[in-house]
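Here the structure comes first, spelled out in structure tokens, and everything after it is commentary.
The letters A, B, C, D, E and F name the chains in turn, as written, and every chain counts its residues from 1.
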Amino acid sequence: MVRVGKKYRFSASHRLHSPALSAEENRELYGKCNNPYGHGHDYVLEVVVAGAPDAVTGLVVRMGQLDEYVRREVISEFDHKYMNEEIEVFRDLPPTTENVARVIRERLVRGWRAAFPSSASLDSVRIHETRRNIVELGGDMKEAVTG
Amino acid sequence: MVRVGKKYRFSASHRLHSPALSAEENRELYGKCNNPYGHGHDYVLEVVVAGAPDAVTGLVVRMGQLDEYVRREVISEFDHKYMNEEIEVFRDLPPTTENVARVIRERLVRGWRAAFPSSASLDSVRIHETRRNIVELGGDMKEAVTG
Amino acid sequence: MVRVGKKYRFSASHRLHSPALSAEENRELYGKCNNPYGHGHDYVLEVVVAGAPDAVTGLVVRMGQLDEYVRREVISEFDHKYMNEEIEVFRDLPPTTENVARVIRERLVRGWRAAFPSSASLDSVRIHETRRNIVELGGDMKEAVTG
Amino acid sequence: MVRVGKKYRFSASHRLHSPALSAEENRELYGKCNNPYGHGHDYVLEVVVAGAPDAVTGLVVRMGQLDEYVRREVISEFDHKYMNEEIEVFRDLPPTTENVARVIRERLVRGWRAAFPSSASLDSVRIHETRRNIVELGGDMKEAVTG
Amino acid sequence: MVRVGKKYRFSASHRLHSPALSAEENRELYGKCNNPYGHGHDYVLEVVVAGAPDAVTGLVVRMGQLDEYVRREVISEFDHKYMNEEIEVFRDLPPTTENVARVIRERLVRGWRAAFPSSASLDSVRIHETRRNIVELGGDMKEAVTG
Amino acid sequence: MVRVGKKYRFSASHRLHSPALSAEENRELYGKCNNPYGHGHDYVLEVVVAGAPDAVTGLVVRMGQLDEYVRREVISEFDHKYMNEEIEVFRDLPPTTENVARVIRERLVRGWRAAFPSSASLDSVRIHETRRNIVELGGDMKEAVTG
């Protein structure tokens, strides 16, 4: 079993705000991240794939195929977007890094087996919001947050 | 002469859009950076001060003083803001990294001599928008873009 | 289950020296790290918290709360200190990165449940002594080295 | 249980080419990495050792000993080499990062117990081919690819 | 005057060998970099452009245009190549980082004015061979090493 | 003219304290850096050499020779040392990064011409105390702080 990780970058903006809380509770909870106009980050997304290297090719996954899949399912929808307004699920869900990671993981899980019929499986997803904050979802997560 | 540099970080969002151009020209010129909702970055600001180290303290500038000045003049106004809406000058000026650097440099120049009466002078200002893009304004720049 | 990591920095100095060994054995074992005057590093401490994001806030842990806890329990006691002299436990215990990680982990474990009554638990602690050396303590460690 | 990681660097060149495939299949599969003259990378090798810190020394492993072992078994054979021609096993095996990681892990496993008779065990091996690609082999891998 | 820098990456292999020296002199001078099969690096190329930001667009240079120019003139010819065999000029010239930087600078200078008729000029070129080695050619360099 | 930079690392500890000031003035000026036991950093030293690449070798300076010179003149004396006690000049001079840079530059200048009789000259010296603080001494500095 070998784990292969690849990093992707996207720039996006967001506003942390929970519809279940009052304006004052939101301000107190999220501080300046609750600023009404939003603010942005350069996210680094690490996608980790696990499997046995193919005996002929020596690869767990063809990088070009993984790149194309991640760009189509995630990067094209998140890059240079204001998440609260432009990504449907974040109209009701606060786009915290935790939730961004869960939503991205679900999008990757959804079409995974069709795109990668080989033994390679999605192991984990890591998001670096800044150089100091990291969120990771291990390979065992099952439940979905989007419909 | 010794140059002393210090890095600061701030997260902000912006939309590249020039009021002097048509909607189509803006889209063609700035591409996805012209997205109407804006997007964001984690900016790194490097402030470089030049001078002779003080004979008694061995310092060109007291770091605590520089930190306080940069935070008051720049970081407190840019961090977690949507620049196009929340920083006056960018209502008419596209917040490209070039212009962000010029505006930040002017704010630092404005009160510099009052805050640092010693021999230390502002040498240059560097902004890293992402790990791949850098903009630098040397110590010799004079003209102002804000009123 | 989501893991959330946050990095903190502190600068400290230490001397590797075991009271159970002779001067010569210490020199041979630790080399230049046994230098009598000590030397220093810029440590990076990564604290990893695991839990389910709160349904309302979308957060595993409130960052401001974690920051305050880590600063009070660890950073305020380690930053700009000579560990062998100024941190009690290292009078008898050599402040190797392994031991520094264990001591820091214990301090974080001690008051954890009181500070974070929610489901969030301390997953692991990582210390980067330099860019090339890392020490990690997984979430399952139980035993204590301090009284 | 504490995990201690140490990073090493080596520069090497390789050509991705599988003897079990036709010239055209190789070109299609590996793209520009199949270029007949090869190309190169600055690999970062992370070796992770797991164990309990020694009660007297506070160390899981003596760093000098680990450095000497990794340099003798791996770095001296890979650094500044064209892997396809100069490392026997890659005459038949495509030197993908996955295979490079497996071959390095086997070399480290081979003489491990003789070199480190203490409780320290080899936990995992990580290879960064570039800043964006990482391959990891966990501590549980058993099978060998070399004779 | 604002300087704008952009980083590009390419992976290439080379062998340091001077045709004007004997085999023994080459071995002594370049050490393991003279290894007959060559070895490789992940080069980072920084291209620095200087100029006044355009009053309407706020840009010194359109990034998309610079990217296209650098990719066509440099990256497409260097990436995944064995420089000694596949880049004509390095048949006689040792591909040291110094010479790689000079050759790249000349290629950028050649068509610069035609590609960028505006006031933006090529300021300097920096090459990072590894994280520890940097070579820089300032904006004032005139002489050519290729015909 | 080509500039070639090389990075070196050393770990050292220091205490900021000026003999010309009272205990209280020292505390107020340097804050926690005045802590009586000292603290430490992982310094990165960048040495920049300028010259024309040799027509035969393609090198501005032989790296092995530069490494040996910098290690002998600087690293061997600073690495793993408590600067205030173990480096003579810092008995009277506060070891601020500014002064550390000046002292290192003088040591490099002293024997430069004897060690590098070719056209290569010392251009500048940069010290990164942490990832956020940089001090640079340009090529034109003349005056000495040590006898």
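Quick note on the criterion: a contact is a pair of C-beta atoms (placed from the backbone, for glycine too) under 8 Å apart; a residue touches a chain by one contact, two chains touch by 3 or more.
Since this is a predicted model, take the numbers as computed values, not measurements.
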| item | value |
| --- | --- |
| Labels of chains that are neighbours to chain A and to chain C | D |
| Chain copies touching (chain E, chain F) - same or different residues, decided at half shared | different |
| Most widely separated chain from chain A, with each centre as the mean of CA atoms | F |
| Centroid distance [mean C-alpha coordinates] between chain F and chain A, Å | 43 |
| Centroid distance [mean C-alpha coordinates] between chain D and chain A, Å | 29 |
| Residues of chain E engaged with two or more neighbouring chains | 131 |
| Which pairs of chains touch, using the document's own definition | A-B, A-C, A-D, B-E, B-F, C-D, C-F, D-E, E-F |
| In the complex with chain E, residue positions of chain F that touch it | 1-7, 46, 53, 56-60, 62-64 |
| In the complex, chain C residues that touch chain D | 16, 18, 20-21, 29, 31, 93-99, 101-102, 131-138, 140-141 |
| Complex interface listing, chain D residues touching chain E | 9, 11-14, 32-33, 35, 37-42, 79-82, 85-86, 130-131 |
